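Multiple structures are listed underneath, in structure tokens.
In what comes next, subunit A is part of two complexes: it sits with subunit B in the first one and with subunit C in the second one.
Right after this comes the complex of A and B.
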């Protein structure tokens, strides 16, 4: 299915980065192997088969219907995968992604995903292999800095905390940390220790993060310095308000 | 214990900074913290619960309980399979507008007797009119109702209301030591009648309110007379809010029988009972529909307007609408978030964290004084001199307040860390922005409108807001602000905790109440929506201090609050 480019107001780098995330105009900056990805997610043993909740659709003898003719199942659905999750926490200190844009990225560019957006975390639930495709894309591209973002299933606290002295986002259960000049992860999303140290790559420098971020903040790109974005938002508010006020 | 009436934005900012320095720049317990409150990095010492005396006290008592009963109890090491709280740091909270500093745990309503008493005092209260009953006595029974007979009736009633017998032989009674918080007073807009009544029974509107507010309240209630009834805390704790009017009506009926020498079984008694139970009754809150299944005088039916009028700060600080809003904010946040949503609706212990952000560390204070000064300076308004709202005015104040609040968190990383969840921050910013708009315009719905604009701007600027449902409520909100179709919109004061789309998400209901407060205090009015409720609580005999709410919470946190009611110590073995 082809999507048209997404439009978003604003003339600043933050607005441009937001448009890039929505349009999947993101750059691959690191390599994460399938086994490492599986380990970090923690849903199954690396290299094992995908557990399933039903037989492959092709073997189920499903009734014919117009919707089934229109919608091609995603690979995970066709195989009968379980629904599993990937959940991110992104620091408010200029992490490249913010929760709503992780959701927009997933929902606009991937099928069969169920994004959930909160202030400190953002979750995507999908059939396991479909979810892994989203997770891998977000993990390997410049929409993620391993120092300013983390896979966190539980105890997600940290997005609003001051950074550690080494510039890494605080993690109460210490799933990943700076070793040398790279971030390594040795616990899965919910903090269960792994049998390996997954190399997540180098964290962005402050300058890189400032340039890549989708977060408006003073000291970098303040929201008030993007009047087009604010005026557009005010218009949304005004139209919704007037729509509700219909004296008849 | 000091009170700070900030008066100005600069003054509020100073106290916000002081609170941040107390929280993050000084040692608390053994936390060994000494940070610059504007630094964006911190050293995380991961000291665990041992840095905090209150946590250590809890651990010690948890171990004692476990030993005594032979069953697992509180143990901080069960957190995250051995990683205890305090990996960040355990920091104290300054109660807004005071110099009281306490631990966060002491602001949970279970640990805070004052917070419990706030809700007890609301739940056990109702107002009931006297006029209908007097008409029944005079016209149907031919009794003469005079100031003397009313005084005698009130003497009888203040014996009967706590549970004393007045008519029958052989009756058991409640022990006065168990019910000493129970009493009845009266108030009226009829000055001549007031002067004839025994002062012990009278809430004197002229003494309790400023002259302009007193005149407004008396004009609103006319010559009618009302009883302010507070049944025993222990009674409403044992039953529920629905018990309040039943208990009241039974004692009122019996007292009429006794004081006016009626036949206990005559049909006219039914008229008096109907008056007390229905026709002349004003509950603090409405009964909830079956799907939420609560009786009257439970928090889910408490309108924002009534909550505004229950809080009494406006009687003493009329010229500081921000302080009135902040004290109301504290009372409403605690009740709606901790007790209603956290307790009744969800069962969650963590709802305290939402409420606490709204009345600690002077953060809402800083935002609200700044936003209000902006509104007043820009539109040349002041108390009682408001500017009728337009969409442009709302847009202006809403945008200014939202950006100010967002940048406060961006400039003060410790404030961001203190309000570690987006829904806390969103509530803080929208509460201040909405209330300031309401103060400037004297219009609570204009304030609500600014609230929603603030939410939109917040979500867009930071790319995050609260959580799924929280965001849903605020994305929908603008559309129902000015709708007056009955199933879609309502005056803000008449909305409440069970209003459609308001019913499930923390951080909103107390904030909306604060916005409503801005409406009436901006106009300089004596009450928000119900002069009877405002007058009923204008009474220093109430156990909870509805004027200085935050100070009262602070006393509870410091274990210095000594106006608790409903205690059972008198009838249980002394330890």
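Right after this comes the complex of A and C.
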């Protein structure tokens, strides 16, 4: 029987969502074109070629190395792409993804990525086309609510702020906003205006966000509501403590 | 607003802390409502900054043009709202005004809010205030300010221009 990883303990909806993100059991809920994605990321002009930092590996004449024979390079590496980043901020008011779970999703389900997790933002660095694959997947699926999360390369402020009256996470440089019933982005990650308005789709309703979130939060699903998750947390803590305590 | 700093009864301070940060229209309505209550001495609004231009990263210097950084009118006085209002602190003449402020907040905020009494805006000059404004004269060592209600309304190191608005009300 094939091994099936068990990703996260717990019986609450939050635990279930965390398992879904880690195992990539996420639903595609919107369509973002490649050009729109490239524009939002702001690393190159939409439709232009990927700039490269070295020739394609096939042309470089790699040394005879058993590891290189085992590991197939990712498309970005094979083409010699530059390393570029995508960075997210997710609202603490029940956004679907927690920074750590964006990292788990990227690290478990994609090769050649370097996720970085901070308290209020999450960054993935990778070869440009590999990074775009991660960004597109996270943008188009229910891991992201455009109202409660945003692409923010700089000035990520907002993840821990109260939501605005319209239910959208605050963005001090106004990269995206609610227009009608959809979220529109007209600036790139760092706040430089775009020549287009990218439709990011409808934000989740409060009820939907509460159901889809991976945040444990008093008022929705508190961490203490999940005895199994607490039991495993305590077990891991205990084993790490015992393992770390090595009197000589 | 009461123009006279010498209020005979002991003033108190209250704070309105909405569950969500306010859009300019709601903030304008709420501030106008508070201004109409007799007995309000001063109002302080705090919130998230809406900068004119990007201040960090590769886009530094790019104009933001935030649609919500706009002029609002309070008591006939126009001023630029450069924050997303998240907290309103009001100094009032006495406790009898408190319930009227709460009523205004209930009428103007479409979502829950916290309402508390406390000490939020200082009344006495600090060392930094003296360093900034100085004494009135060699003989008079009180702070060199025409209106002491300005104390505590802005950070002493900040430029008060465009941050303080004197409102004229009908009760004066």
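Note that in this section the second predicted complex is superposed on the first by the 239 of 248 C-alpha atoms of A that agree within 3 Å, B and C clash if a C-alpha of one lies under 4 Å from a C-alpha of the other, contacts with A are read in each partner's own complex, and residues count from 1 in each chain.
Throughout what follows, a contact is a pair of C-beta atoms (placed from the backbone, for glycine too) under 8 Å apart; a residue touches a chain by one contact, two chains touch by 3 or more.
Everything numeric here is computed off the predicted structure, so don't read it as measured data.
In the superposition on chain A, contact is made by A:170 with both subunit B and subunit C.
After overlaying the two complexes on the shared chain, residue contacts for A:241 are found with subunit B alone; subunit C is out of touch. Within the superposed three-chain model, A:160 lies in touch with subunit B and out of touch with subunit C [touch as defined at top]. Subunit A has more of its residues touched by B than by the other of subunit B and subunit C. Applying the stated contact rule after C-alpha superposition, one finds that A:191 touches each of subunit B and subunit C.
When both complexes are overlaid on chain A, the residue A:65 reaches neither subunit B nor subunit C. Comparing the two complexes, residues 155, 157, 161-165, 167, 170, 172-173, 191 of subunit A contact subunit B in one case and subunit C in the other. Residues of subunit C that touch subunit A in their complex: 18-23, 26, 48-51, 54-59, 62, 64-67, 84, 86, 110-111. By the touch criterion given at the top, residues 18, 92-93, 98-101, 116-120, 155, 157, 159-165, 167, 170, 172-173, 191, 214-219, 222-224, 229-230, 233-234, 236-238, 240-247 of subunit A touch subunit B in their complex.
The touching residues of subunit A, counted against subunit C in their complex, run 153-155, 157-158, 161-167, 170, 172-174, 177, 188, 190-193. On the subunit B side of its complex with subunit A, the touching residues are 35, 39-44, 80, 83, 87-88, 391, 395, 398-399, 403, 406-407, 410-411, 413-414, 416-417, 419-423, 425-426, 449, 452-453, 456-457, 459-468, 471, 478-484, 488-489.
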